[in-house]
Every structure is written in C-alpha cells, then in structure tokens.
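Same chain, two partners: subunit A is paired with subunit B first, then with subunit C.
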Partner chain A sequence: MERKFISHDDITAWLDGLAEDHVVLVPMKDGGSVSFRPYVQGRTPNLDRQAVPSPKDAVFPQNETLLKYRFEKDPEHLDRTRIQVKETLPTEKTVVVGARPCGTRGMLTFDRVYDCDKNQDLYYRTRKENTLHVTVACTRVESTCFCHDVGSGPADGEGSDVLLVPVASGYVAEPITERGEALLAASQFKAAGDREAEAEAVKAATVAKLPEAHDYSDSAEKLMARFDDMEFWEEQSAKCISCGACTYLCPTCYCFNITDDTTGLTGRRLRSWDNCMSFQFTLEGSGHNPRPTKAHRLKNRVGHKFAYYPMLHANAIACCGCGRCIKSCPAGVDIRAIVKAAQNYTPKKEEGGDES
Partner chain B sequence: MSMLEELKEQIRTALPDLDMVIAWEQGFDAAHGTPLFIRTEADVDRLMVGPLSVQNPATYLPALVKAKGAGKIGVVAKGCDSRAIVELLQEKLISREQVVIFGFGCNGCVSQALLEGKIEEAGKYSAELTGVETDGRTVKAQVAGETLSFDFNDVTFEKCLTCEYPNTLIADHFVGDKVEVAPGCEKAPSLEEFEKLSQNEKLSFWQEQMRRCVRCYACRNACPMCVCRDHCIATTHDPQWISQENNAQENFMFQMIHTMHLAGRCVECGECERACPVNLPLMLLRRTMGEAVRNVFDYTTGTDPEVVPPLMTFKVEEENINERGW
Partner chain C sequence: MKANPLLPEMATILEVVDETSNIKTFRVRFDDEEVMKNFTFEPGQVGQLSAFGYGESTFVINSSPTRMDYLQFSVMRVGEVTTRLHSLQAGDAIGVRAPLGNSFPIEDMKGKDVVFVGGGIGMAPLRTLLVYMLDNRKDYGKITLLYGARSPLDMAFQEDVAEWIASDDLDVVLTIDNPAEGWGEEDQTKRVGLIPNVLTDINPAAENTVAITCGPPIMIKFTLQALKKLGFADDQIVTTLEKRMKCGVGLCGRCNIGTKYVCVDGPVFKYSELLELPNEL
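Let's turn to the complex of A and B:
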C-alpha cells in the first residue's frame, strides 16, 4: 500500500473533513492534562504527546448504556408488571487520531476475550467495527516507556489502520489496513516521495534511544511460583493505596461492572469499567471476599497481565508497556519492578542470618 | 553529620522496637519520589528526604495500626503530614503509643504537575524529565540531557507557598534545625482567582473540570482522612448510593461528597490534588471548606492532638452560628 504525506498545516483541514461523518477523538489539552476529546473545528489537537487516559474509550467506553427499560402496570391487573426492554447498540462511526502505538496495540487484548470463537460481545464488536485508529509513532522515549519489553516498539502499527510517522514538516502516513488506505484518499494526503526515507530514519532514531529490552518471557512461571507467597505480595503492595488510577488509565484493562440506574418506572442498564484494586471487585453476596486486602488485589492485577492472561492466550502479555500506571500512580507503584522482583526472587535467609 | 545521615542514624537506633518506618525513597526515575517502608537496616540506606518526598505517609497509618499483631509504626513526617497524624489522633483513629514520629523542618516540595507545566512553557517535552535538584530557591530540572532552572516558588505546591507549619508538629525525634520561614502568601493564588468568579461562572468552571474526572478515586485513596476505605459510599453496591455514570454531574456529586465528609477534618495536605491523574484543582474545594470551618468554629484542623474537632462535638450555643436571632 502506498505511503502518503500530510503537512502540519493540513491536519486541521483533514480533521474537519473527517469530522463531517465521524466522531473524531483526538488528544486535547484539557485543564492541566491531555485527554481524548471529540475534535472541535478550530481547536488544534496535541498530537505530540501521549494522552493521560488511554484511547480505549472508543471501543470500550467508561460507561455505556446496554439497554433501556420501562415497567408497565397492567391497569386491569395491578399486581402484574410488564417490562419493556430496548437494546441500545452504538451506531456512531469513530476515528481515533493521535493515540500512540502502545495504546492502540493494547486494545487488541480485548479481542481475545470479547471477540473470539468463545465469546462475541455485541457492543464491543460493533464499536470495534465502527472505529478506525490513526496512530502516531513515537519519537521520544520516556522513563516509563517499555513497549519494547512486551513485544512492541515505537512505530508498531499492530492494531492501527494508519500509522503517522512524524517528519520535519508533517507526517508520513503508512496505511496498515485497507480501511486505513481509504482514509488516505483525502485530498490533504500527497505523495510521500523522499519523505519515506526520512520517516524510516525517524523510526530508526527512536529505536536507537530505547534502553535494552527486558525479557518478560518467564514472568508467568515466576509469578505463579509466588502465587501463595503473601509475604511477597504484602511487601510489593505496601505503598499501593488501592485506587483505580492504574486500571482506569490502562489501555488493556477490560473488566466491567453492570448496574441499573432506575428512576421511577424507567431506567438504563449501564456497563462501566470496573477496577480490580477495589474491595468491591470480588466482594461476594455472602459477604465473603476472596481478595480482602490490597496485597491480594495487586497480585491479581500484575498476575492477570503477566501470568494468567498469557497462560490462556498463547503467551500474549496483557500489558502494552505504555507506562500510564507507573506515571500516574500517586504512590509510585511500578509494575515493571514487581514482575522483576518475582523473576529475580530468592528466598530470604532465616532469622538471625546475615540480611545483606 | 548531614540531616539525612542524622535521620538515618535515628531510624537505625529506633528500628529494633518498630514494625517499620514509613518514609520516602527515589522512585522509578530521579524526578520521582515514592514511599519507602523501612523494615531492615539495609532499607535505611534507601531513605530520601527532600522536595520529592511528596506523598503523605499518614495515609497508611490507620490500616497499619489496625492490622493483626501490629506493633509500633515509625513515620517520617513533614509539617503537613504531621497535621494529618494529629487529626487522626484527635479522631482516635490511631493512638499516640502506636506511632513513633520522626520530624524535620521542610523546605517545601516540588509539584510534578507545575514543574511539567514550566518545562512545557520552556518548549521542552515534560515526559523527558529525568532529574530534579533544588537548594530551596532554585529548582534545576534535567530534561533530555539539558538543565533547566526555575524559581522554586513557581514549581512548588500552593500548600507549600501558604504553609504555616513547615516543622513537624509533634515528633518523638527531630532532626536538624527548625525552618523559620513565613508563608510566601496568605491565601492560595488559585483560590483568590476562583473567588472572583460569579456563582454561575463557578458552576460552569466545575462543570468543565468535572467532565474529565475518571472516577479512579485516587483523590479519595490518597487522602489521609478518607478512612472509610473499603466501605466508601461512592463504591458500595448494596445499597448503591451514586450512579456509576461518568459525567460532570455524577463526578461532581462524588467530589462534593468527598468535600463534605472532610469538613473540619481536612488538613489541606494536598494529596487529593497531587494524586489526581487528570489534574483536577481539588484543593479549591478543600480550601473553601477549610475557610468556612475556620470562620464558623475558629478552628484549624490537625494542630493540637488534645482538641476535640468541632464537628465531633456540639455546643448548645455556637458562638458564630446565629441560630435563634431571627
């Protein structure tokens, strides 16, 4: 497929056109933060940085209405109530412009659970089919970046429809899918020419900046070996404050909760992101909670991404290495350090021995 | 001996009688601090005290002292942290015998959010920040191999600008000299700006802000006074008090619940605002409530362990509340 070029000056004109028949989600400066927001004509998106929240909202929104319902009393038989239910499938077409390769690729984690032979989540599937991803390759490496440790890289197009590679005066656009190629038919995209070579040089320069990749391939085995070692998990989770910043900002976290919002005789069934760091996540109706402490819960979060999920899904690590959980953790919990601690675990010496 | 070495020595001496000492160490890079739980002598070497010692260690105390078989817990506390400890003592959520407090004079902390803002203003990419140093007047930030200098007051938390309690208020051990610095300003500049708005403008301001709240509850869990923990009404399912819908209205509802539950309890340590991943200006709510409590009850939270907080008691006739004069 042919690579194209779009200049910085043409970006807003292209987005204007795109926004005519799509919801276009772009990273926007939002208060003291950068979040994905629907593109508004005349406002320049922040394409040069990673947004704080992940782009997953497009295919797996923080909240969605699964169905609406209405109770109806039978006037002849007041003891009878009928329920009318109306499903609400999403219809809007969305393009996410400006996510990073890590975040876009991270969303593939959902497919193995919500769009596979065993399960077909209609809501997820519909959104996924209605969403295109125009991703921007990274040119900077942050101290929290580790996409290359989990099998990806700063210009990985996996999961994207188009990859934009920043060059001097704009972006070289690489179509990844046919739907992506169709997007590049817009008039703002010109022939890439010499800029193709420039884009390749930009990619290579970023790769050269990456620190040596850490090998997580034995993380499942090593984490499972620590499964019953609550002392290990208490130590690792000591500073965790059990909030949901990590899970809510994570591109790969896909757990949800379902609640009914009823007002009088009508209501909505909501699906909203759940958070495995919360006490309520596994609280059973009986009052029993199999994960009563933050140590149990952090064990689950780390274990799910680096052990249980890979064991179920052909060794695919359910972490995209975007670093959001590290950067935004109020207490500075570092998931890399926890997995590494399990990988490098050596039993503590008995009491009275030399501690060093 | 430097203040840090002296503190390490004090901790080493006290450690055999303590379950642990909560302090700080360097985080995932040289620009971030993170809480440190000192359990062995070897851990003491990792201690870091300075402008990146931002987290309030008092947040961990109520759960730790309640744990089965808990002994004494040591805690290194800045002035603001010690106010949270005092408030916890006042509310009998911890007892004085259970904690050993290591105090020092604090020169203020660096706000990651403000520092990043300044770095962006300088035309640099804040995520490439890898190191921070300060002498208390100037902050030097390493960004992609370059050193940028900023005035300390421009990158410190507003709570540090208005700080009246830079020294640990109650301490079993105190290291170094007391800091004798008057607050840089009496009122937080952001609150002064906010108060200029009309009622309608204030509402629009919050509607705009609350839209981006992700309801991750980092503000709640980082708060040393949010002690309901696993039983917070924002997240209980049975009964379910507030909708899980994520919009400005529901988010504001939660934030107002948080504010109301902190009335007369919040020590304005700023942890809620610092913890917020999307930089919501939550301290505006806290300071507004704090001012109301000061005006009505002539009470400043978390400064005297012997005082009963005004909302934990009652007077038949409140001095500043006109109950019967109408």
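Let's turn to the complex of A and C:
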C-alpha cells in the first residue's frame, strides 16, 4: 500500500471533510489537560502529545445504552404494568485521529474477550466495525513509557488503520488496512516522495531513545506464586488510595457495571466503566466481599493484566505500556514496580525460604 | 444463547410462592411461545432476572428441564433488586437472561448413589438436580436428601419436601438448628442439629457415591470436613459458588477467582477443582 504525505496546513481541511460523515475524535485542549473530543470546525486539535484519557471511548464508551424500556399500563388488567424493551445498538461512524500507538494497540485487549469464539458483544463489535484509527507515531519517550516492554514500539501500527509519522512539515501517512488506504484517497494526501526516508529516520531516532526493554515473560508465573502472600500485596498497595484513576484512564481496562436509569415511565439500561479498585466492586448483598481490602483489589488488577489474562490468551499481556496509570496516579503507584517486585521476589532470611 | 446475551427476554410471572419470611419462588414463562418452546437448559445453570429500573441479579433455575411448563427461580430478599422482585405478583412482567453458566455433571453421576446436602436457600440449586434425577429415576442409585434450615419456618420448598418424604424414591432427613414446637422426634426424618453433625450421624457410604452440597459458606466448610471424614474423595463432592455478577457471560470482571470466571466456568465446581483455585472465595 502506498504511503502518502499530508502537510500541517492541510490537516484541518482534511478533518473538516472527514467530520462531514463521521464523528471524528481528536485530542483537544481541555482546561489544563488534553482529552479526546469530537472535532469541531475551526478548533485545532493537539496532535503532538499523548491525551490524558485513553482513546477507548470510540469502541467502549464511558457509558452506553444497552436497551431502553418503557412501562405501560395493561389496558386489560389495570393493576398490571407491561414493559416494552428495545435493544439500542450504536450507529455512528467514528474516526479516532491522534491517539498514540500504545493506546490504539491497547484496545486489541478487548478483542480476545469481547469479539472471540466465546463472546460476540454486539455493542463492542458494532462500534469496532464503525471505527477507524488514524494513529500518530510517538517521537517523545517519557519516563512512564514502556510500550517496548510489552511487545510494542513507538511506531507500532497494530490495531491502527493509518499510521501518521511526524516529519518536518507534516505527516507521512502509512496505510495499515484497506479501510485506512481508502481514507488516504482524500485530496489533502499527496505523494510522499523523499519524505518516506525522513519518516523512517524519525522512527529510528525514537527507537534509539528507548531504554533497554524489560522482560515480563515470567510475570504470570511469578505473580501467581505471590497470590496468597498478602504481606507482599499489603506492602505493594500501601500507597494506593483506591481512587480508580488508573482504571478509568487505562486503554485496556474493560470491566463494567450495568445500571438502570429511569425517568418517569421510561428508562435506559446503561453499561458504564467500572473501577475494580473500589470496595463496592465485588461487595455481595450478604455483606461478604471476596476482595475486602485494597491489597486484594490491587492484586486482582495487576494479576489480571500480567497473569490471568496472559494465561487465558496465549501469553498476551493486558497492558499496552502507555504509562497513564503511572503518570496520573496521585499516590505514585507504579505497576511496573509491582510486577518487577513479584518477578524479583526473594523470601526474607528469617523465613528461611529457598523459594526463587 | 441469544445473539445479544445482554438483552433480556420478556416473561410473565405465573405464580409467586411465599416460601419463608424472606424467600419467594417465582414461576415464569417467556411471552414469546416460540422462545418458550425452544428454550433448553441443564440442571445447575443460572439466569439473570431483571427488575427494570432496579437492575438484575443472578439466580439458579431451580425447576427441572424435565418439566418445562415454567421456569422457577427462588429469591431471598437481601438488597435493592431482590426487594423489588419480592414486590412483583402473578401477571407482572419480568426480564430473564438464561441459561448462563455450567451445570451439574449429570452424565458422570449416572449409576451412582447421590447424597444431597442443602442448607437454607442453598436448597434451590439442589432442587433442580433432585427433581431431574427423580424424573430419570432409573439412571441413578440410592438418593438421599439432607436439608437443614434454622427453624421449620425457614424451610423453603415445603410442598416438594412433603412429596419427597412420602416418596419411596429417596430418603429424606430434615434438620433444624434448635428444638421447635411441633417438630416431631417420632421418626428419623425430622431432626434437630447442625447439618454436618446430622450428616455424620446418617453416615452415608462414600463408595460409588457423589455428594452435592450448597448452603451458607460456614455450613459448606463444615459439611466438606464431615464428608471427608466419611471417606468422600475431593472429586466425589460437588458444590455451587455464588459471586456478585453483572454480565453473566465472562466480561464484566467481577466474579473471577484468578483465571476462572464463576459465571461461565461455574457456578458448579467439584471440590477438587475448588482446591486448585487461588484462595479468593
């Protein structure tokens, strides 16, 4: 597939055209932060930094309506209420422009659960089929970045339809999928010419800045070995304040709650992002809670990403290395440090253990 | 399973049975007769009942697939959804997502003796299997039921219990925690004592036998110990687990114990399988 070039000056014209028949989610300045917002003509997106929230809203919105219901009086039995229920599938077509490769690739974590032999979640699938990802390759390596530790890299096109590589006067656009190639038919995309070589140099320069990759391949085994070691988990979770910022900002977190929202005689059943760091997440009606402390809950979150999920899905780590959970944690919890602590665990001398 | 497992099928409540002061049984039929006709499930599978405006909760289908006039669910009033469900009456609409989860190993148990040990609302998942076995009586050996509740008034499924006591197809022993008026000591059917102690007293033979147990966690704990003492091996004991669930199809992330999801890998587990799970019950 042929690479193209789009100049900085043409970006807004291209987005204007795209926005005519799509919802275009772009990173926009949002107070002091940058988050994905529907593109509005005349406003300039912020394509040169990672947005604070993940781009997953496009395929897994913060909340979405699963069904609508309506209560109606039964004309034949006035003391009875009939209920009309209507499935509500998403219909909008979306293009996400400006996510980083980590966040886009992170959404593939959903596929192995929401769109597989065991499950075909209609809501997720419909959104996925209606969404295109135009991702911007990373040129900035931050201290919280570790995509290369989890099998990816700053110019990884996996999960994207188009990869935009920043060059001096614009972007070299690499089509990854046929749907992506079709996007590049827009008039603003020109022949890439010599800029292809410039793009390759930009990619290589970023790779050269990466620190040596850490090997997480034994994390499942090492985390499972610590499962019953609550002292380990209490130590690792000591700083955590159970706020859930990590779960809400994570591109790969896919747990949800289902709630009903009624107004008068009509209502909606909603699926919303949920937070496994909350006490209420697993609290049962009886008062029993299988994950009663933050140590249990952090164990499940880290365990899910680096042990349970890889064990169930051919060693795929359910973490994309974007570093959002580290960057935005108000208490300084670092998931890399927790997994490494399990990997490097040696029993204390007084316990006399020989466990490696 | 339907194309959209999160979309409930609408059903109507045929009958509500007041079992105890906090347990009601709901008999429901799907409104679409085609759906009702084509509906199949295995003993032990569960369903999500919808109280629209309040939410959903998970309950075992405690009727038997051998009797498809209606689906039966027994609901203990504990929280918001169950309180709302308790306010529903015959003729009211209800949403049902079913069947979900795995089922009892009915094929493996063929030709074996079966001991049921149920405590309180834990009798519900046992009921579906017991009725199924009684309807396929020749496939199974001796059947024994030990059912315990706090008091006679806390004993659910009274109609069934009376029928089972009168039947020659199974041996029934009931027990309550403390002596109560009118609880006859004249026969060996009605006893006073905690379930694990009565079980030890009944002394069922472990050979070629499967024990099925469900009840509150503390009862399960001591029942397992009693069964072990009676010589039951870990893979001769079957139980069902319960966890808070939302989706029921392995997505929402609540009910997992490590890599196992109670909603799809359970709720039925052999004790030998439970022992292999990480400790997070």
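Here, the second predicted complex is superposed on the first by the 348 of 356 C-alpha atoms of A that agree within 3 Å, B and C clash if a C-alpha of one lies under 4 Å from a C-alpha of the other, contacts with A are read in each partner's own complex, and residues count from 1 in each chain.
Convention: a contact is a pair of C-beta atoms (placed from the backbone, for glycine too) under 8 Å apart; a residue touches a chain by one contact, two chains touch by 3 or more.
Source: prediction; values computed, not measured.
Trainee: Could you tell me whether subunit B and subunit C fit or clash when both sit on subunit A in the superposition?
Mentor: fit
Trainee: According to the stated criteria, A:R82 is in contact with first (subunit B), second (subunit C), both, or neither; which is it?
Mentor: second
Trainee: Looking at the overlay, does A:T259 come into contact with subunit B only (first), subunit C only (second), both, or neither?
Mentor: both
Trainee: Where does A:F71 make contact in the superposed view: on subunit B (first), on subunit C (second), on both, or on neither?
Mentor: In the superposition, A:F71 touches subunit C alone.
Trainee: For A:Y114, is the partner it touches subunit B (first), subunit C (second), both, or none of the two (neither)?
Mentor: After superposing on A, A:Y114 lies in contact with subunit C but is clear of subunit B.
Trainee: Taking the superposition on A as described, I'd like to know which of subunit B and subunit C A:N275 touches: first, second, both or neither.
Mentor: In the superposed model, A:N275 contacts subunit B only, not subunit C.
Trainee: Just subunit B (first), just subunit C (second), both, or neither: which does A:A238 touch?
Mentor: In the superposed model, A:A238 contacts subunit B only, not subunit C.
Trainee: Note down the smallest distance between any C-alpha of subunit B and any C-alpha of subunit C in the overlay, whole angstrom.
Mentor: Minimum C-alpha separation, subunit B to subunit C, in the superposed model is 5 Å.
Trainee: Of the residues on subunit A, which ones does subunit B touch that subunit C also touches?
Mentor: In the superposed arrangement, which is not itself an observed complex, subunit A uses residues 257, 259, 283 for both subunit B and subunit C.
Trainee: Give the list of subunit A residues in touch with subunit C in this complex.
Mentor: Those in contact with subunit C are residues 66-67, 69, 71, 77, 80-83, 85, 87, 113-114, 118-119, 121-123, 224, 227-228, 254-260, 262, 267, 269, 271, 274, 276, 281-286, 288, 290-291, 296, 300, 303-304, 307-308, 311-312.
Trainee: Please give the residue numbers of subunit C that touch subunit A in the complex, ascending.
Mentor: Contact set of subunit C toward subunit A: 3-8, 10, 52-57, 78-79, 82, 91-93, 95, 217, 242-244, 246-247, 249-254, 256-259, 264, 278-281.
Trainee: Sort out for me which residues of subunit A touch subunit B in the complex.
Mentor: 30-33, 35, 48-50, 52-53, 62-63, 140, 142-144, 235, 238-239, 241-245, 247-249, 257, 259, 261, 270, 272, 275, 278-280, 283, 326-328, 330-334, 336-337, 355-356
Trainee: Taking the complex as given, what residues does subunit B use to touch subunit A?
Mentor: 27-29, 31-37, 40-42, 55, 59-60, 113, 117, 125, 127-128, 130, 144, 208-209, 212, 214-218, 220-222, 229-231, 235-237, 240, 243-247, 271, 274-275, 277-281
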